[in-house]
Every structure is written in C-alpha cells, then in structure tokens.
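Order of writing sets the labels: A, B, C and D. Residues in every chain begin at 1.
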C-alpha cells in the first residue's frame, strides 16, 4: 500500500508519493498523514472473524483486554444482517400492558440510560474433536462490549405491565423475524434495550438500531433488530426455543428455556497454532459467568494434577469477560495447560467428562467445559481433543 | 449552595400510543393455544404441491435429506445420528405455522399467504405421520394436534452452585 | 447505498439486487447479508472527528458509555501519522541503565501484561468564546480506551535502571521524532508501554505499534510510535516541554513540567446544537481526573445557585472517564445547566473565573473549568462563553 | 489438588543487548549541558542563507510572521498579543539545535546536516539578539549561551486537594 498523499485544509502540506519499496524505510524522514475524520487500522494488522454460513467467530486469540473491537464481535443470525433505516424502525410494546406504546430510536434515547460492560455468548459455542483448533474455532461465539441503552424495566413501567404477564415475546425485524420467549422477571431484573456498543451506535451485525440484551443469558435470547415485545401469560414455544436452543440431558429428555451461560474460561495464549519458547510464559485467557462475577480462575500447567490461582485483571464485572494471567516457567517438558473458573455462586467449570456424567454424552448447547492445550517438546501448541460417543 | 433532589417520575411520557391497526400489522405470532392463528385452512395434498415447488430444493424430497436439513422424520434411518425433525422433536404444531410464515422460504421470507402456510403445515404434519391425509388444518384444529415430542422437554434445572448439572 | 449481494462459501445463497429506493422497505422480507470477516457500520451513522491541521477532535456528544470507538479517538501529532512497519520498529532503552536493551513488538508482548481503561487528554483541550460550540469543539481532545501493554517498571527492572536516573527521555519514531522528559518516578508508578487499544493493536493514529502511556498525565507525554527511552539525571528541556506545554501563571511566570490533568466534567447532553423539549431530560456527561478516581459529580440546573448529586455509572475507575447522569424536569424556563466534578484528592472543578484568579487570565494549557450550557425558552441549547482579558 | 506458586523472575531475558553503534544511530538528543551535540560549527551569516532557502516560506522573512509562526522576537510589536519565540520564551539554546535537527523543515524532516543545523542555530540566536553576528556556535559554545527566558519557568505547584492553583 502506498502512503496516501494528504493536504491540509489550507493546502499547505506536501507529501510526496514514494515508491512502494521505500515506504517503511525511515518514517522519521517523511511527513506523516495529517489528522483525519476517521481513524485507520494498520495494514499490518490482519485479524478477522471466521465466517460460516450462519455465524462468524471472534478471533479470541488476537484480543487484548476485555473489550471486543466492535467490528470483530461475533455474528450469529438466522437470515442475515438486515439493512434497517432507523427512521422507519420502531419498537412496539403490547399484549398484557395497560398502555400499548410505540417507541422510535429517539424516544428510547430520551429515557434514563444505563451502560454496562458485559459479554454475549452463543449457547452453541463449543467445537472440539481435533488438535488443530484455535480459540476462535473452539469458542469464538463470545464477545464483549460496553452496551448502552434503556432498562427494560423502565419501559415496563411506562407501558404498565399487568400482574398476570409472566413471559414476553421478543421479535426482531430481520428476515427471520426472530422470536424468543423471555420470563418477565428477567425484564424487571436487568434486561436492556441496547442502542449503543463500545461508545457508538450498535453495529448492523449486532442489531442496529437496537436490540434486546439479556446479560448473562444465551445470546439467541438477546433478540437483535428488535421491533416488538408482546407481554403474555405463557411462553410461545417458538422454533428457536424448541427445535433449536434445547439440549439433551439424561433419560431421553431435553432441557428447554435453559438461559444461563455456565461459567467458562479458556486460555487464549499460548494456543494453537502458536509455538512457545523455553523460559517464562505469561499464560493468558478469558473467564466469565452468566450467573455473576468471576471469583477465581485456576491454571494447571501439569495436565490438571496441580492448580494455581491466576491473577485477575481489573475491572472484574458482573456477567463479564475477565482477563486472567499466570506466569509459568516452561522448561521444555511435554505437558498440558488448562484453566478453570469459579463464579460467585460457587460453580466451578467442569471437565467435559463431568458434563457428560451429569447430562449424558450427546453434546448440544451449553457445553462450557474445561479445555486443555498440549505443549509439545518442540514448543508446538495443540488443542487436546477429548473423545466422547 | 443547597442540594436539592428531583423525584423520578412514574411515567416519562415518551413514545406514542400504539393503535390496534399497527399492532395487528406486526403481531404475526402464534401461540400453542392457537392465539394468533389467522382465518383460512389447509390440506396436505395442496401443501405437497407448494412444498415441491418452493421448499424441496433446500429440505429434500418429502422433506427428508435436503442441504438445509430434514423436516420429516425418516422412517428408515441409517446408522448415523437421527436428525431432529418436526415429527420427533417439535412439541407444538402451532410452531410450524408460526415459523414457516415468518421465515420461510429462506430466500423469499414473508412471501407466503396464510392459506399457503396452512397447506404447508398440513403437509408437514401429515408427512411426519401426525395427522391424516384428509385432516383440515385451521385455527381450531391446529392447536389440538398432539405432537409426538410434547413431553420430551423439561425445564432447566441448573441453578449455579457447586453441583454440575 | 445498494445492498451488497453475498454468497455463502457453498454458493447457496442468493440475494437479489434491489433498486435503491426499495432497500429499506421491509427488511423482514429480504434475506440479509450473510456473516462476514469484518463488521460494518450502519450507513445511517455519521459520527466523525473534527480535524484541523494539527489535531482531530472526538465527537464527545455522540458517545455512549465510557469507551471511545478506536477510530474516533482524538488525534494530536506534530508531524502527521507515520506508516510504521512493526517488523522494522524497535524500542531501545539506554542511558543510565545496567544493560541497554532492544525490544521488538514480539518481545514486549512476552512480558507480563496489564490492561486498564483510562483516558488520554491533551492539556490544550479548551476552546471557548462563542455560543455555537459543541462538546467536540470545546473539549474533544480527550478520549478513552482500554490500553494493554507492559508496565514500564517491568522494563526498568529488565534493563536495571541506575539509582541516579531521575528522568527519562521518551522519543517517538514519527517525522517530528517527538520527545518529552518524564520523571523516572512515573515510570515506576504506572506508565505502560501500550501495544493494544480496545482489544486490538493500537491504531496508527494512537501510536502503532506501541506508545508510552502515562495515565492521568497530559497526552503529549504519552509519546506515540515510541522508539527510544534514555535514562538521565536531568530533564532535556525539549521544545515540547518549553516552547509548548508550558503555561502562564501570575507574576510573568510560566509553569513547566505540569503533568497532571486537573479534574474535569462536561455535560454532553443536552448540548449545542441540540434542542430540548419540555418534560424530563436525562442530563448526561463525562467526568474524569488525572489524579485518581472521581468521587462526586454535581449538576446545577439553575445557573449554579443549587447543585444536586448526579448518578455515576459503574465502573468508576482510576484516571478514567466516568459517565454521570441526572434527571431533570424542564418546565420551559430560560436557565443554565452546569456540572462540576470532585476527585479523590478533594479537588473540585473550578469556574473559569476561579482559574483566572489563581493563575492570571492569559489562558494556556490545563484550562479545565466548569462549562455551562444556556437553555433558551424555545429549547435551544447554546454554550455559555465567558469573557476574559 | 495442591496449589503451587511460581516465583516472579528478576529478569525475563527477552530482548537483545543494544550495541553502542545502534544506540548512537538513534541517540540524536541534545541536553542543556551540551551532551549530545555533534562535531561541527556554524555562524549566523551562513544560517541566514539556508534559512532564506528552506525556512522562510513557513516562518517569515527574518523569522517573523510566517504562516507557521514566528521564531524571532518582533522588536516593533503591534498591539496584538506578543508571540512566543526563541528570543523571549526558550530557556535553553540547545533546544534550538535539538528541535531543528529532529523536526525541521516540516516538509523534509531529518534532511539537514549537522553543519547546517549549527548555522541555522547561530542565525536564529543572532536574529533574536542573543548572540553576536560573528559568534561561532559549536558543542562548546552553544550550552554556554544565556537565554533571555532562562528564569521564566517555575515547576508545577499544583498538587490536588481543595486549593485551586
């Protein structure tokens, strides 16, 4: 890429075009690009999401800190990302309410607002089975933003939710007209109608101009491109909460309305396909729980025999990704490194085996087990696939 | 200087009243008790014709084995894991109507008439062996259809804490 | 903008091109764009920085929450933004050290890392004088990110800083080869060599591949595109710390090495050129201090006669922008609204008059006074210019 | 399972030793005591020639009133606020050498030879009335130049707390 030639408002500044191979020779001898309206990303940075037909996974191994860059937030949608004109898009709240109301984006922004840094994870966020998997491939369907919006409880008060309303249907304005039934209790507790993400309007992939956000709950419930909430005395048993987002447990039964994201952690460094060198290694990763705060992350560098308490980087927030770090001196031995998180309810991330013992081994949604990395003698890092069924 | 405190209002007064007409335009959901089902009716034979024209490319002949997943339970299963279908996994028949109307066909969502959706629903229920070929599906009959998977589901019993569930 | 036609990896999906005027008609009837590698921004979102020849101001009035979108982070540089090849760029630490060392970006990332959400403000961040000024124009030279990097103290230990080293020179690799002298004490306390910003590599405008970051200090000291640190027993009196970034106080004297950013707050909503309506208004703004945590923000809706405690939105972090909010019922009267912050040292943001009484009225750097908005009878919001000299 | 604790090392061992040659290549700063000044010398007359060729467009004839700011103190000031210049605001003469060498001319930074920078420094000091026309500026003489603004500056006395400073 050739350096752009930029002129000042007054036409003063002169940056000569330079031959391609001279570009990076000595930046101290070449006037740089002047201040612009929109910042750029270095052409040397090549981090992207990994798309499939139905989703796109965040490159967790490339992240620093707890904020996911908005354009690298994972995507999951059931009929693509709609192009929505915010001037034609409204939110209707009706059903078991005293006063059915319609809100424009501008209306929503006038209400008292709230911001919180919190993750969204798809409950279908687990891939395993082979050694050459990156964190992105294993569990890239989780991302974190600072979400800003109006509390759903504020809108509930505004429309006058009736005492017999126990569920509400949340409906999107995308081509799937996506729907989920949500207990009204969640709406009184902490649901948000979010219109902003990391300081700017929500991105199209995340629900522009606004979405429901249910902190700590499986991502699918946080209906994007929200257009309608209907208060009801029964759930709707929509396709997304019956055919999908239900999972097998023992005795031929399936769990329905399984909302909470179980506590989870993953080591993002070192991870496949990185290669480590002997010496001090800062093991790094992310930990979170849909049930509250992370209270502890433990790391094992000897395949689970011994565990050490990892450092947690502030801020440690409710229902939020937290960074953990652990210094480890690798002497060249073949080993496995693992992490496990404990949340404020006392739940500790289980092994895949423990999950199978509890639920049967059919897999499905809400698989948030401990994941291990194998460190080979030559420093190669490989995912440790665990066998089941 | 003194410190004062404003009170929080019981209503902010933002937004406007929703008219019944605009609610009706958006309110396309159908509940298990049938609330939301429109006028009209359908039968399997007519649904089959529509299915073959508009659905078969993605969901396979007879609703089995298409690139976007089977909708009909395969009665002669191979040894691979059984696909979840309307016949063996959907607890309420109303969901078929609701979902097909809102989201299918994938490449032309929202293009079907209510009548077409009733026919397709009848076809999919019949193909799954749940209703008879001659059964008429409408706002009265659909909520009464008993689905094989009705009792498959149990509420979430996870609740945090030390126990793994 | 016409909807992009996207095909899946398997070539399955078909999105017909539609005439321009049909685009936003009914998104529920049109398959959306499938999942991609990089997220997008809605074409309806038009927020940009305001560039001059030497800087570019963040649109504070458009922000939500405390994170500044990385591409809207303010810019200030003295010879433009260099294009730096991270494979050719290194950090040399020398001077009064036991062991002069050179670090590549990869080296820096191997050290124990730290992340913190904190602001950077230019000490020249004040414009006044006329009514039609936006928050961006008044004080858009402040932004906030989650910065990740290695503590400078870690590198100090690595090179063995000698006991007689009291200052260090930080030098950038841009075309100004920007330099500032920093007390070594700051380096031991909380300086970071930052290589990431809001989860991704630092943006070119913010110092890619790495910068010095001195939390709470005037932005100019956080030298970008850092290439060299020299430990010394005296400051260097560079041009940026003598001719610039010094400011008049009384008796014909000028302050030098004035590092701390004084506590400041600004109401970002409502602000010029917005227009308000009668009824409940959530007054919103940002508050921060370079000396530690914000402990209190007060808002006056009667031109400073009475003050009420505003709500602070969590998290309230050290040397970080904090959001404040205050519900106000506007009945149509002409008035002025103001905010003032108090930090953990007990410093309360003064009026411009108080600053002039303390320093003389020549203006200059470190002007962080209370700023007021006039609310006109028709709901128009205008900045209140205060007269001096 | 037991809990163990690794110790934090006194050195991580990352990075490589800096050779004197590579330090010298980068170490272009000049301190008030003259540390960092290279060999060579300059005089005002030669500096004037270079200035008129390479600087005057941005900083004005004689260093006064250009679009990018005056460098020389105007002895016949108008009633507008006095510009801050080398003559009335810079505490150390070494800063002129340091800054011009690293950053000027703005459109061709880093293009001047040490000799040229010495000449320009001599010129700017002389134009500001600080040195004589014949004075030679080099590593020995430059740190000794007494600047008019030397005692203008006081350290920051702000320290937080209730008092406004």
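The definition used in the following text is that contacts are C-beta pairs under 8 Å (C-beta built on N, C-alpha and C of every residue); 3 or more make two chains touch, one makes a residue touch a chain.
All values derive from a computational prediction rather than experimental measurement.
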*From chain B, how many touching-chain steps at minimum until you land on chain D?*
2
_Based only on mean CA positions, could you tell me how far chain A sits from chain C in angstrom?_
26
*When the centre of a chain is set as the mean of its C-alpha atoms, what distance in Å lies between chain A and chain B?*
27
*asked:* Centroid of chain A to centroid of chain D, CA atoms only: how many Å?
replied: 49
*Residues of chain A touching 2+ other chains?*
10, 12-13, 28-31, 79, 110-111, 175, 177, 280, 327
_Can you list every residue of chain B that touches 2 or more other chains, as numbers and ranges?_
12, 102, 106, 109-110
*Mapping chain-to-chain touches, which pattern fits: line, ring, star, complete or other?*
other
_Which chain pairs touch, all of them_ = A-B, A-C, A-D, B-C, C-D
*chain C - residues contacting chain A, complex*: 3, 6, 8-10, 12-13, 15, 23-24, 27-45, 47-56, 62-73, 75-77, 79-88, 110-117, 146-148, 173-175, 177, 195-196, 198-201, 203-206, 208-209, 225, 280-282, 284, 313-315, 317, 323, 325, 327
_Touching residues on chain C, where the partner in the complex is chain D_ = 78-79, 92-94, 99-104, 107, 110-111, 154, 157-158, 169, 171, 175-177, 179, 227-228, 230, 232, 234, 236-239, 242-243, 246, 249, 252-260, 262, 291-292, 343, 345-348, 350, 354-355, 357-359, 366
*Which residues of chain A touch chain D in their complex?*
10, 12-14, 26, 28-31, 279-280, 298, 300, 304-309, 326-329
*asked:* Considering only the defined contacts, which chain B positions touch chain C in the complex?
replied: 1-6, 8-9, 12-13, 67, 102, 106-111
*Using the touch rule from the top, collect the residues of chain D that touch chain C in their complex.*
10-12, 14-18, 22-23, 26-33, 84, 86, 89-92, 94-95, 98-99, 102-103, 106, 109-110, 152-162, 164-165
